[in-house]
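One chain, chain A, links the two complexes that follow: it is found with chain B in the first and with chain C in the second.
Showing the complex of A and B:
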């Protein structure tokens, strides 16, 4: 295999795939990136056996072929090369010679055959989504994913394809974020699948403002084809809990909030939320919310926020981090907070089909 | 306990007394010895040795299958005896435990002797004890006068005791560290004491911090009666490498039985978060396949095994399987949604 390429193109290509490479793998081949030179392109593939990414870059290919090279090391070398022009020459023993300006590197690789192939998606159900919609949807939901390994099915985002709608759901059992994307697909493509966190994170990095993403659902696997990059992932096996039952059907009180103003107040007051209880209290009274927090033996914080509120006086406590997370990830200027009482979930909404359900904390006397 | 499993077998079969006896897998099933008695050890046989190799060294060795249910019953009797002397007991395995005698009014060495006599009366099995100011010293001392003996190292005797002690005796020092120390011409703890703490950290990383204390016989770890177990596993090294997935599956089924028995005995209520299968290959590389959210069933372990086996296709030298447990729950004021 022999090709030449510019430093910028190669770096860009490696950056797209290298996040998947696990730093502490038991199999040496998984630390490597697969390089395949064909026509005027070089394809790059990485995998940790759960998630795999395949990308490519343009190159002047003199001799076609394939090899695998240590991904992290290769990236570090390319980044430091002195000249923009890079020549790659790989011999039959998978030894790569890299030349750039006055620099020369020799890197030992492993044969292509040892690299685990990415799964095939023949006969899979395919749905096309606008990249912008999916990126926006994942941004507004994925922060609620559970990191608790005992609740394995919650360690990802639910993609529910139903009735010409893709519903994205993430929850950790204390809060839940949900968003709908209008889509068109045949009835036969309806499915509930759980995409694991790592794939969601990678996908968010790869999704762009323009263009479409082709989603292929195979058995136990999913592929996201973003024109020049392909992300494949194992799905989480198991049944997602019945999340619909925890969404309150009605609200007693509604308050409209300026998202950034509310977020800034919460951020300031939460500085005095104690590590132990980690709660922040919202005291609702006529046309006002008072946000308070205190830490025994440290001090307290208080801030008033004028709002249009006409309901009864109400005090409710939340984990400040859980309340701030959606506010940070939404982009709308205005949000609505619906409440029932001190012990029932609060619901954050916007004008479009999104909601965030958050369970309060017990207020100690 | 002194070669616990083998001792039980000899006790139950008096005809075997004085003969070399090992407990473990048989030769034709590529077994490995779990333990053997002192008669066998004289031939250079030791635990974890492949049975075929043990039989080469000691052709008259009598190899018996393990009877874990019997061993567990005896272990329970012994633990009952220990509990009469202290509430602070930290078992290390079926036949070994730390006992904190700080609160006992008797002289520790005398108490240890009483415990050992009582164990012998009840079980007709001999045991050995180490008495020291901390876990490190006690454990090392317990090996000195084995079998059927004990050694007390009083606090003021610790420096002398450590001085001549081979570094290998310290927990955490294995073959690799020992080799590294040999290159530095360090064989005993006394020689290791000439290094400063920063020097040891340079050489051994974080372990160096502890090593500085350990080689002086200083160990602050308390005896922890119910230190929550993070995982439970069982494994087997094969005397002849397994070459096919079918062979591995056969052994997996045996190990699975053993793991389930262990679980039923030791951890009945804990939440299992993950299951895993560990493989060591003929070239000593290893791989672990771990999966959260699966119940520990033979089928689930089989699928992990298939995945791990497919990763290299190399012959398998060791196969292990186990489960990991969830951290014990903390209470919170956060109300649950789901």
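Showing the complex of A and C:
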């Protein structure tokens, strides 16, 4: 295999795939990236056996062929190369010679055949989504994914394809984020699947402002085809909890908030809810919210926020982190907070179909 | 032909012997207990070849007349109980009336006995359960039992015996148990014609432990007192925090003078020590429980190794409370003398490792030279004064802690070296700081109450009837810990709140763990018990690390704060915070003293 390429193109290609590479693995081939030179393209593939990414870059291929090389090391070398022209030459023993300006590197690789192939998606159900919609949707939900591994079904985002819409759901049992995307697809494509966190993170990195993504659902697998890049992932098996039953059907009080202002106030006050388990309190009174936090032996913080509120006086405590997470990830200027009473869930909404259910905290004396 | 037959008397005895007489040590146990029940003031034990070839127990107890002596060799013949009612309140060590005939049935057995006022004594010789000779004999008042060729007629059992050495050690351990249990009795132990142990009659347990284990252990024991809880009287001595062993061998528990093993008490011990004990280590205890005989059932195990308590929870609580109190009470004492925990004869290895790279961290040394004269003109002599701070916390420490230590320096940017009256003290700066932060954070969170996070979906779960009963009873404790739980039908519960510091997304399996964990713990657990692990993890990150150079003032504050802790001896993970190397040990290492006298 022999090709030459510009540093920028190669770096860009590597950046797309290198995150998937496992740093600690007992299988050395998994720390390698698969390079395949065909026509005027070189394809790059990485996998950790759960998630795989395949990308490509343009190159002048002199001799077609394939090999695998240590991904991180390769990336670090390319990044430091002095000149923008890079010549790649791999011999039959998978030893790669890299030349750029006055530099010369020789890296030992592993044969292509050892690299685990990505799964095939023949006869899978295919749905097309606008990249922007999916990117937005994941951004507004994925922070609520559970990091605790005791209930693995929660370690991902639920993709529910039903009645011409895709509903994304993430929860950790204390709060839940949900968002709908309007979509056209045949009834036969209706399905509930759980995409694991790692795939969601990678997907968010790959999704762009324009274009479409082709989602292929196979049995236990999913592929996201973004024109020049392909991401495949295993799905989490199991039943996602019935999220619909946690959404309160009514709201007693509603307050409209300026997202940035509210977030900034919370951020300031929460500085005095230092320990992670501490709460922040919202005291609602006529046209005002008072946000307070205190830590004994440290101090306290208080901030008033004028709002249009006409309901009854109400105090409710939340985990500040849980309250700030959606505010950080939403982009809308205005958000609505629906409340029932002190011990019932609060619901954050925006104009479009999105909601965030957050359970309050109880401070036992 | 009938298939079922009554067993001959000898066979029945041998069957019984299988339960009671397991090895030479169990013979010794039965015989010593008989002697104690006979009111002996002195018991001599002699063994040869691990007690297999010869085993002799001589006491100066009340003795027996000829009829009694003969009767004592019949099965189920005893002077200790008379009716079934007596079984409910056994005050003697024995009561089954099985030991002597059982032993006699598996050995060449000789019993000589004389009552103090009788003219002549009795000598009975039994071989394999058959009485061969009964005759008058003249001996000192008391009873002497001689067991030769144990299991000579049961080769199968004999094969199960261990080496002579092991059997001797078992006997000695048994003897230790009895000697601790009865300090008022003098014991001698002769093994293969060598006097191994000579214990004079001791006035109290204290003296007996000194005689057995030496001063060094004794000094690190704390007296136990009853928590004043009703009928259970607790006494004895337990090891200070940090004094621990790899095995349970020195975890001795006596109930009404009887050495026993009881899961109930063991659980109580573990809970009482809690973080004062490293994981996988066992405490050193000489624990004496005195209860109304009617509230203990010893008739569980033929060798009476186990007992059953009528109120196991009460017993456990009493043990936990008295141990906690002793440990906390011992703190002041400990600070006063500033004795470190693990003084347990440090093996040569760790000392060498710790002392070899003696090089005072240069940065620190400099600092010491520069700041010492200014900050504390008294230098290294005399007690060091606190810097001029008068916050209440430090006042408290100041009063309690006579500053009997002098900081010498920091070794390897990790170990603070200090001198105290007993020698050298090494403090692990990271472990020490962890302990300080841990207690601070826990106290703060306790004052605040445990914040509890509601769950989106309340979950129901089932428990076994016994666990369910426990949860019902301890609902309020669980609530205090931040768990929102309520009944939801028989053996079913609903949980809708968890402590906020928990990340778990599976409340059901979490609850099962909590129930298992807390059931073995005590009812008076801190509401933060569930959070201790999280707290320990948090403070570990914030504590100063190894290789963090500390200035003199920082070291001084660290040591003062450590001494102000509730449990200064170990870090929240149970590793020791400090180690003492006594002058005596140093002298030994330098060949100035041949051995530490005990």
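Everything below uses one rule, namely that the second predicted complex is superposed on the first by the 359 of 365 C-alpha atoms of A that agree within 3 Å, B and C clash if a C-alpha of one lies under 4 Å from a C-alpha of the other, contacts with A are read in each partner's own complex, and residues count from 1 in each chain.
We take it that a residue touches a chain if its C-beta (ideal position, glycine included) is under 8 Å from a C-beta of that chain, and two chains touch if they have at least 3 such contacts.
Note that the coordinates shown come from a computational prediction; the quantities given were computed from them, not determined experimentally.
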Room on chain A for both chain B and chain C (clash or fit): clash
First (chain B), second (chain C), both or neither touched by A:209: neither
Chain B versus chain C as contact partner of A:182, first or second or both or neither: neither
Partner chain(s) touched by A:250 [first = chain B, second = chain C, both, neither]: neither
Which superposed partner A:362 touches (first chain B, second chain C, both, neither): both
First (chain B), second (chain C), both or neither touched by A:150: both
Touched partner set for A:238, first chain B, second chain C, both or neither: first
Touched partner set for A:296, first chain B, second chain C, both or neither: second
Touching partner for A:174 - first (chain B), second (chain C), both, neither: both
Contacts of A:345 with chain B and chain C, given as first, second, both or neither: both
Candidates 326-334, 452-460 or 470-478 of chain C: the single one with C-alpha clashes against chain B: 452-460
On chain A, the residue positions that both chain B and chain C contact, one per complex: 150, 171, 173-176, 241, 246, 277, 279, 317, 319, 343, 345, 357, 359-362, 364
Residue ranges of chain C in contact with chain A within the complex: 441, 444-445, 447-457, 479-480, 482, 484, 497, 499-501, 503-507, 509-510, 531, 538
Chain A to chain C touching residues, read off their complex: 146-148, 150-151, 154, 171-176, 241, 245-246, 275-279, 295-297, 317, 319, 343, 345, 357, 359-365
For the chain B and chain A complex, residues of the former touching the latter: 271, 273-274, 285-288, 292-293, 307, 311-312, 326, 333-338
In the complex with chain B, residue positions of chain A that touch it: 26-27, 49, 116, 149-150, 152-153, 155, 171, 173-176, 236-238, 241, 243, 246, 277, 279, 317, 319, 343, 345, 357-362, 364
